[in-house]
Each structure stands twice: as C-alpha cells, then as structure tokens.
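As structure tokens, here come the structures.
One chain, chain A, appears in both complexes that follow, with chain B as partner in the first and chain C in the second.
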Partner chain A sequence: MALKRKLAVINLSTGEIKVQEIPRELREKYLGGRGLDIYLLYNYLKPGVDPLGPENVCCISAGILGGTPASASARTHIMGKSPLTGYLGSTNMGGFFAPELRYAGFDHLVLLGASKKPVYLWINNGKIEIRDGSRLWGLDTFETQEAIRDELGDPEIKALAIGPAGEKLVRFANVVTGHKNAAGRTGMGALLGSKKVKAVAVRGTMGIDLAKPEEALKYDKEMCKRIAGTKFGQIMQRYGTAFIYGVTNSTGLVRVNNFQKNQLTESEAIECENMDEHSVGTSGCFGCQLHCRHRYVIKDDRWGGTFGEGPEYTSQGAFGAEVGCTDFAAILYGNHLVNKLGIDTLETGSLMGWAMELYERGIITKKDTGGLELKFGDADTMIKLVQQIANREGIGDILAEGYNGAMKRLPAEAAKYCIQVKGMSNLHSDERPTPALALNIATATRGSDHLRSRPAIDLYHLPEPVLRKIYNSPIPYDGPLSSSYTDYEGKPWQVVWHEMCYMAVDCLGVCKFHTVFLSPTMPAFDEFCEWLRLIPGIEMTPQKLWEVAERAYNLERLFNNREGATRQDDWLVDRYFDEPTPLGFDEVRGKTIDRKKLKAMIDEYYQFHGWDQKGRPKAETLKRLGIENEPSHAV
Partner chain B sequence: MKTDDKSRDGEVRCLNCFERFRPPAKSERTLCPSCGVEWRISWPFPGTAKIRGPVWEKYPGAKK
Partner chain C sequence: MAKIVIIDQKACTGCRQCELVCSVKHTGTADPSRSRINVIKWEAEGFYLPMLCQQCLEPACAAVCPKGALSREKGSDRVVINRDLCIGCKMCVMACPFGAMGVDVKEARVIKCDQCDGDPTCVSFCEAGALKFVDAETANLAKKRAAGARFSQLMRNLV
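Then we have the complex of A and B:
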C-alpha cells in the first residue's frame, strides 16, 4: 500500500539509524510531506538551539501521494530551524527525488546530530548507509550528483545535494536535485552543510500498491486533460512561470532596483518570449504533464554554451527587475550559477538589490565592497556578486549572512532598505497596491513568501460569483469578497483559504501549479480527497482535509512562537507604508499599504485562525485540532 | 467551472480594464477596444494569443 513507507531517524553523530513504521493515526492527522514534517520537527527539536549547531534537526520527506499517478506528485520537502531567520525553515522542490525515495521504501527522514567528516546518505530498497563524502566536498551541486552516480555505478540514482555555499554555511544555501529543482528558501542547504551532509542519494524498485488502481488511473487521465487543457496550462508548457512577468510588470507590480520602482519599463529583452533563442526544449518533473521548465544553452559571447534549466519567474526578478538588469543572457547565467553553487535565487536577488541601493545611497562604499561598483543594471557586477556570496568572498561574506546577520555588520540605516519579513527577503513582487498579497507576506510562517498563502488569483479580477464558488468551500464563508486587488475587504479569508490549500498540496507532495495558485480552475480540496481515496485509500472529506492543513499550520505557528516569534513579526518594513508606488496603471500608481487597515486585516486573519490578538493559537483551537498536548512524541 | 471552453481561443484579457478581446490573427500590436491601451502581442501557439507587454511609449501616464 502507498502507506507502507517508513520513517528513518538517522543520528549523524553516532551513526545510529532507527527505522520505524508511521502510525496510521499520525498519517490521518498529518498525511505526509510538510504536514508530518512539522509534527516531527516540533517533536524532535528542542527550542532555542543554534540553527547551525548539531542540535538542529533536518526532516526530508515525500508527500503521501509522491511517486503515484496523482498529477505532479514529485515534491520533496525539507524542514528544520532556519539558519536564515531563526524561525521555521521549510522548503520544497520538484524533480524526481521524492518518488525515488518512496520506491526505496521511505517517506520521511529525520537527521539528528552532526557528522565530524563529510558524508552522504545512500538509501537503496529499504537500506540506509552513511557513506564517506570527503571526495564530494568542494564539488558543485551538479558535479556531486554525477560523482555519486559514478561511485555507485547506477545512472538512475536520484540525489539531492548542497553546493559550495551550503558547505560554507551561506544562510540561504539551497538544496538541489537535477539541474534546476531547488529547495531554495530558508537555508536548508546550510543546515545540511552544518551536519556535513553533502548529499542524499536514493534508488528504489519497491512498488507502491494503489488502493483502487483502475479508478486511480482513470481519474488521473481526467485530471491530466483538465490541467493541461487550461490556457494557464498551455502557456506554462510553452514558457514556464516566466510568462508571469508580462502580466505583473505591465501592471506595475514588480519590485525594481530593490524597491525604488514598481515597473521595469522597456524591458522587452527579458520577457519570456526571449527564451526561444536559447531553449533546446522543455522538460518536467515526475508525473507532470505541463513540462514547464526550459532546458537552455546560452547563446552569448560571454557565457555561450552554458547549459541550464529554467529560468523561473523568480530568477527573472532576481537577476532582472530587482537589480535593474535587462540582459537576458545574464539572467540565464545567474540562474545557472545559483543552482550550481547552491544558493537561493530569490534571497540572492533581493540581497543584491539591497546592496546596490545601499551603495547608490552611499551607505556602503567601495571600501566595503572591495572596490566593486554596485551599480543597478550592471550584469558583470551582478554575476561577480553571486559568486562572492556563494563563496563568502568580499562583500559577499556579509550578504551571505542574510538580512539578520548582515545587519550586525552594516550601518544601522541599512535596515530601512531591506525588503524582508521575519528576516527572509521577498519575491520581486511589489505588494503596495495589493493588500491581500501584503497580508500574505506579512503573516506567512517562513517569512516573506509567495508560496505559502498568496492568493495570486486575486490579481485576475474574477467576478464575485466565481470568487464565492472558490472561497465558500470546503468551509462556508459568507463574508465580503472583492474582485478588485486594491481592496482590503474580504482578503484575510482569501489568505487563510490559500494557506490551507497550499498546506494540503504540500502534505500530498503535489506541485502548486496543479492547484488554485495561478489558475482558478485547477484542482483543490475535492479533487485532493478523491486522490486520497483512490491512491493511499484514505477516506477523507474536504472539510477533514482542511482540518489536517489547519492542524499542521497551527503547529508551524506554535513552532515559531516557541522560537520567540510574536505579532510584531507579522509586519512589513516601513517602505510599504511610506513610499507610494511611482509607476504602473492608474489602479496601482501612488499606492501604499495603510497601516491601520493592515492591522485590522491581521486581527481578522487571527480570528479566522482562532488565535489571540498576540497571534498565539488559543487553547480551544489547539483542542479542536487535537494538538493541545504537543509535543506528544508518538514516534 | 468551465475548463474546456474553446470559445475564448485567440482572446486576451486587457491587463488595464480586464475586458476580453480578440486581437487580429498574427498581429504584433493591438489596441484594447475598451480602454484603448496598446499591447504587444505574442502567439505561443497558432490561434493562441498572449499579451507580451505594453507599448511603452504609449503607456498610460508613462514616466521613466
């Protein structure tokens, strides 16, 4: 059965490995992936530990549908205490690792302690081995995966790896599988680096029995047709997420030159259509019919012949809008570099934009940058900065600390200019005209984030009856809903709804592009429940699935509270309130977020969650969700 | 909710006023008939139009 996948607790300090069944009760309460990971983290981690010390815990998992016919059930989730923020570290990636992990017999790995020397984990058909990784230390993420396949003599091995940045404890180091799939946010690559774990390699041939195989395949066929048939699906197959730039930049919702403008005018050169010159085709993750990532070979005098995959919309912003660069080849090369060296593209772009603005304002000078002129729009400087950050050289060593750490070494006035929440930088989106999206980044459990609660379809001006149909299920909602993305009313419920929807897909291990993230017609709770019935054989109503998501979300909140987060952490930097947007359509120009209205939205958001005014889950909420006695140490 | 509606093939939705309209086949530029914003158009697939971006020099309230 799909549920017969195990949990392995691996102590890297002692070499002890304990393999356990996952109790059915825990499955029904948390399913898998991010949901069960937060249970494990909350139970195994002691509060207040150093995120880069051996006491930190790293959870690696597949979703409960991983590697099955459920659409795009490819996601790998990694969780721990974040070296970047000191709060929840949580990140997620596609590719082929999680399905292979399941075929090798495991759903969840918990890494405890730290090895004294570099190691990698080798997991093969129910067996786990801690192997010497000395030979891999110093290699980039691509080389590491290849070296492991060579060493073990199996080209079908799937591996996740850290690069030099993870080894050097860059606080936003990522974890990469393949050439492009990156678990980027919150520094889980640094966490693995601190444990001296260079990689985890998996290979398995253990089949997964489906509860209702014929029905599951039939249902999957219907879902494939539905998902690929939408206009969103078609455009994703052609351009990937880079298509979003045309919409957001045209409107004036893109953060440019750090936060000084909200539109990169005359930026045709970095629009997605330019991929046609460099692309050699598209590919997809396990079980996905969309194939949204380009495989490219850069055609350019400087970086010609470099192979990469992507770029996502995020890299268009990181190496384009945020640093004011309209050099498309530089974006492709920057995208390649962050994946190869192992750093988060979003954090890197944001911090580079921040540093450039600090330099422009004279807050840092050539003396601080080792002679580098940090000018917006300068592609060569940008590429140099990426390398310096990943290798902790020059000014890169300061930026490698992330916002919290960098502020210990920069002038105090620098703080004002960094666009971050809870110490994590933002996507290159400008939320000043969009209160729903502003609330989303202010409150997301892992910091300023677009993948944990963003009601992205709020930008689509959907008619109220359509909004009502989406947001009135599975939990009835008869409050206000507005088609206008500049409104404040009704938005808190939308943020809560998307929090639960995204938590649900993260428990299932399904890609967010296959749910109501960028398209209102994608599957949601009803379809997820059908998958659960047909694949692992879990009968669950959509309301019950919502409750699973709510339970896991509340545990994430408890985790952050336990690490010291308060209501003050659910807030935006002053620029959102004080500097009006200078560009864009009439609808978005001259906009700021209203402090009082944001506060009222947060109050309402807390009420929907059953949290008190300080943002702490109330006792009755914890009891309703059955988590009043956590940590319960059930495994 | 409809997911297989073919009647909108070839249409785009103006990012300024949100009205749907059908650009002339293979056109590279077109005006929104409702609000008059001029758009650059791309054609990811034959018969499928996509707004690529605005014609910047005619962008409403354009300022660099």
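Then we have the complex of A and C:
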C-alpha cells in the first residue's frame, strides 16, 4: 500500500511531536499536497491571528505522487496565513525536498507555536528531531543547507531553508531548497522565521510501495516521451521559461517601468539566447525531463564567477522589464541574490518597479530613499535595492513590509501605482489586453498570481474545436469559447477549469509544466487518474478528481472569507481600467479592462463555482462537496 | 555483441530519474536508496555525475569474492552475481573502487547494475542523453568524432 506516509504535528513552543496516520477518507477527499494542506490549515488555524505570531500554523507537504514514477513529482507545498496579505499563504517549489521527505516517512508536517531560539528540524527515516539552529542563524540559504549536511555528516541530505530575509521577517521572504527552487510567494519564509525555524532537513531510505509497479513504469515512460517530445517540452529543455519573454514582450504583454509601458523596446539583450554565454548546462528537478533551468556562471566584470541557477521568465521581468533594465548579467545576479538572501523574486521586482515610479513621480524623494536615486534602468541601484530589502535597510525596510505594510509609511497617493491584488504584487505580465488573465489575477486565492488559474494557452489563438476538447472535460461545458485573447466571452469557465487543473497537480505534487499550463497537449485529469490508479492505488474518475480540486479550492475560499476577504478583494487596481496600453501589436495597443465586463465575468465565475454574488460558497455547494461541517478536526 | 552503458557527464541534468526508475524496475518500489545507479552532485558548482558499475574487465569485486560468485559473463560486457554462490559477505562492496556494489538491506543481499538483462531502464528514460547503451567496440567513436571536429576546425583555421 502506497499510503503509509504520515502526518507529523510539531509544536515548536512545547517541543511535542505527534506522529499520526492520515485517514484514508481524508486521502480520498483531498489526496495530499496543497489539498490536504488547506484542510489541515483550515482546521488547525484560529481565525484572525497575527500571521507573524506563534498562533499561526505552517503546513509543509509533498504531493500524493511525490518521489514516484509520475513525471516531475517533485513539488513541495507550504501553506499558512500569509504575513504579506493576511489571507491565504500558499507556495510551491520543485527540487528534491518533497521526494526525500516521503522517503523519510512523511507526507505532511504541521508546525504549531514558535520556538524561543533558532532551531531546525531533522527528519530521518520516521524520526523527527528539533535541533539547535543557533549556528545557522544569519547564514544565507545556500550556506544553511551546506552547514546542515556538514553537521549531520551526510552530503545527501535535502533541506529547505530561509535566508537572512526570512529571519528579519521580510513579509515576502521565501523558502529555498538547492540553489534555485524557491517557494516564493506569500511570505512563507517570514512565517518560518517568526517560528525561529531556520530549516527543515530530510533524509530517508524508506521506499514507497507502488500499487502496480510494472505498469507504472511503462506509463511513466510513455508520459516522459510525450512530455519531452512536445514543442513546448523541447524549448523548455533548451531555455527554460526564459523563452517566454521574447514572445510576450514582442506582443506587448509585459509590464515595463512598473506599469507605464507594456513592452520593453530594444531588449534583445535580455532574451533567452543570451543565456548561452553564461550557461554551463541545464538542471532538472527530481524525475523531470524538462530540466527547465540553466546552471550558470556569470561572465561579467562586476559579478564574474557567481554561480546560479535559472533565471525564470519571472526574473527577466523582476530585474528586467519592471525596472526597465536591459543588463542581462544584472538579471542573473539579481536572481542569484534573491535565492541566496531568501526573498521572492516576483514580489521584489514588482515592489522595486513601484518604488521607482514613485520616485520618478516625486511621491518619494531622496529623503525617503537615503540618498539612493531610484532610477529605472539602473542595474547598480536595482542590485542595491534588492540587498536593502532583504536586509531591511533604508527604503528597503519599507518595501520589505510589502504593499499593505508599506502603505502605512508611504503617502496615500502611492497606493494607486502598486500593481497588486489582495496585497500581493503581480508578476511582470500586463493583463490589460487579456481579460481571461485579468480575471485570473483578480480572483486567485493567494492574490495576484499566474500559477493558480492562468489560462496561459488563451494567448495561443487555438481553434475553437481544440478549446472545446480541452474545456469540455471532465465537466461538460457548452458555453461560448473564443480563440481571441482580447475577448471576454467564455473566459470565466477557462479560469475555473485551470483553477481545478492546477489544484489537482498541486495535490498530486506534480509540476505545472507537466499539465495544460503552457502547452495544450500536456497531461490533465484523465492522465492524473491513471497515475492515481497505478501509484497509490486510488481508483478515481476524472470527475471525482475535479471534485477533489473543487473541495480544496472552496476551502481556500472559505479560509479567505473567514479572514475577512470579500468580493471587493477580487478586483484590480484602477490603472487597469483607466490607463490604455501604449505599445505592442495592434490588437493589444490602446487596451484597458472594462469595469462592467470584468464585473460580469466575476459574476459568471462565482456562478460556476456555486458561490453567491458576494463570493461566498453557498450552503448547497458546501454540502455537495462534503465540507459543510468544516472545520471538522478529523486529525 | 557486447554493449556498455556510457555516461556523457556534460549532458546530465541531475534529475535522478535514473535512480528512481532503476529502483522501481529492480524492487517494485520507488526507493533511490536501492538503486544501482546514483547521480553524485556537487550542487554549488553545478557538477553532476551518474555513477554505476563500470563492468570492469578485471573486476575487483570478483577478485575478492571468496565464493567465486562474481564473474564476467560470456557474450556480454557485464559482471554478474551468481545468487546461489553469494554468501552476502560484502567483500565486493569493500573492494569496488567505484562504490558500484551496494547493499540492499531490505532484501539482505548485495546489488549491482545488471544492465536490466540487455535493456537498461535508466538509459531508456534518460531523455537528456547522459546515459547511452552502445556497442562496446565503437563506444569511443562518437567522442573521437567530437574531439576530431574541434581539432579539424583549428586545422582549417590554419590553412
């Protein structure tokens, strides 16, 4: 039986560790990863607590397929109440941590309370130890992982760690494993920092039994060949997500100088081909054929010799377009720095762009910045700002608070220039010409983000029959679907479909690049169900799997509502409606989002979900999904 | 014809899928600790190297085996374990200079790469091409050609 992995509830205040089985019923309702995490969080967390106080709860998990022959089943999920937004904190990363956590005997960790002194958790073959972390405090994320391996004398240990930024409670501090894999969004690094947990180290040799090993291996090979053989797979293997930049920027879908333009002209210098000069090869997460990041050594006088991995498309935005910078080496160095110091690349880039626009408009001045000239396009300033944010120095200390916190210290007129939803900054994409993507960021449960519901394939002009094939399964849909990304019709269903798809992969612990995110021909619900049958031995129809995703998504919605979120939080900042896009293709130029049409899309989106017009799940919806009695405290 | 697994270190992306599928193939469980192949990594330098049995022509494991349980197999290029003779003393584990002889604690026996009896699972999964199963006789030819290509370019530049 493949479901032997356990749940450990670790009380950092008292040192008590409770290890328990995960009931089969919960497995069937939530599978694992993000799905079971939201169940645990909703049950363990009291509403209204301070996200940086000891009452907050941190869930760390692997997906139900983690570390098995399901392609790219490498993802780790971390959840809690977000120190950045005050709503749902939820973040996900690849690497090698989750498989090792499973080999060490666990699927889910729930961290309660807070330690008085720095600690780290050591999890090894069914045993959990809270160890002194004083010597690790102050180290960067890379040094921390190495120091733990040295201390415990095993170079094969995998660890996730927070950097100095997490210790200093930067509200968008991330959690890093390896040199690049970062659970970046919503400040889970600050949550661990507030609990004085510097790292979690895992090592295990407890094999995972498979329901049908031979068939699973055969199916895995079939999937690998298919995934690696797609056009998308081929280019990912070569350049990683950095390939996207050339396409979106030339179309005019990239935020430049915060939000002043939608295209960075003359920016060939930061397109993916420039990686060739610095790359020493690519690198893959556990069991993945797409190896979508480069290993690089920067060839540049300023930061020469610096090793890093990446950069993602989002870092080209964070250290490139958003801050108007076309210095590729600076992007590579910025990417290295955020991973090392432990801050989210997306939030950092976005807030830097915001600060630069405020400076340009005279809303903040040298007096506020400690003499730093926050000019767009200046690489040195940008790098300095990254360091100041991570170390909470100068203006960096204000930005380290994120949008909500920074607004307590900045002039009121600064608010309208920040591109955020629910207090979390957007990535560098400009959604003014793309209503589907605008609806995605407006409604996502963790705030403005592409990885929760973005119908990215909406940008591909797919023919209607292709769209119909994808979006008509596993739940029948006969409403409108449009091949044009500038349309409003049919988009709400696409957003709902992707929400469910991404929730499903997050429960399985599989990477989003292995599903219908950036490629329409990747595996989805049918294939997921086959994996579930072959690996943990759970027989489930695609419709049932959709229901699992819906259940978990509704709990996330309930969580936010319980913390005070309302329909008003599913909305964009005014700039989306009032400032037309100045650049790009004819069809994207001069675009704004239409308030009325967005409102209508949200109405429709709520209807699909079975939520009322205030965005609250209806009683009948909760009953249908069997969550009308949550929190039920089953574990 | 004898075939060998050769490693193209530069092509390895460090994903460890070879370890995973090796363990599933041989043990029916997902358990890299029981894999016959391991990717050794120097993470901070970005250097990855898959390590597995080199199927030595003069195997140290066979030389130290007190029961003659390890030997080169006729007609192939591999060193095989005769389970009937093996007493599990683990001298071979000690002697192998590559760490290719392992111990499977769960099955209480020594383990090594058996090339999956002619169709190595690790190779068939390695989309990056870091592992290849090739004829022993011409195994070095591709590398020779690559080196030759570099040299020929230099020569051409001279002319």
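Please note the rule applied: the second predicted complex is superposed on the first by the 635 of 635 C-alpha atoms of A that agree within 3 Å, B and C clash if a C-alpha of one lies under 4 Å from a C-alpha of the other, contacts with A are read in each partner's own complex, and residues count from 1 in each chain.
Everything below uses one rule, namely that contacts are C-beta pairs under 8 Å (C-beta built on N, C-alpha and C of every residue); 3 or more make two chains touch, one makes a residue touch a chain.
Since the model is a prediction, treat every value here as computed from it, not as a measurement.
Asks: Let's test your reading of the overlay: on chain A, do chain B and chain C clash or fit side by side?
Replies: After superposition on chain A, which the two structures share, chain B sits beside chain C with no clash.
Asks: Which partner chains sit in contact with A:T521 here, chain B, chain C, both or neither? Use first/second/both/neither.
Replies: Once the two structures are laid over each other on A, A:T521 reaches chain B alone.
Asks: Looking at chain A, does chain B or chain C touch a larger number of its residues?
Replies: C
Asks: Which of the two partners, first being chain B and second being chain C, lies in contact with A:T230: first, second, both, or neither?
Replies: first
Asks: Which partner does A:T282 reach: the first (chain B), the second (chain C), both, or neither?
Replies: second
Asks: Looking at A:A216 after the superposition, I want to know if it touches chain B, chain C, both of them or none. Which is it: first, second, both, neither?
Replies: Second partner only, chain C.
Asks: Should A:E266 be classified as contacting the first partner (chain B), the second (chain C), both, or neither?
Replies: A:E266: touches chain B, not chain C.
Asks: Minimum C-alpha distance between chain B and chain C after superposition, to be given in whole Å.
Replies: Value for chain B versus chain C, nearest C-alpha atoms: 14 Å.
Asks: How about chain B: which of its residues touch chain A in the complex?
Replies: Touch residues, chain B against chain A: 1-4, 8, 15-16, 18, 40, 42, 44-45, 48, 50-54, 56, 59-64.
Asks: Of all residues in chain C, which touch chain A in the complex?
Replies: Touch residues, chain C against chain A: 10-11, 13-17, 20-21, 23-25, 27-34, 43-46, 48, 105-106, 121, 124-125, 127-128.
Asks: If we count contacts the way the header does, which residues on chain A are in touch with chain C in the complex?
Replies: It comes out as residues 67-69, 96, 103, 142, 146, 178-179, 204-210, 213-214, 216-217, 220-221, 224-225, 228, 237, 280-289, 291, 295, 297, 307, 309.
Asks: What part of chain A is in contact with chain B in the complex they form?
Replies: 226, 229-231, 234-235, 238-239, 243, 246-247, 249-251, 265-268, 271, 273, 461, 466, 469, 520-521, 582-583, 585-587, 589
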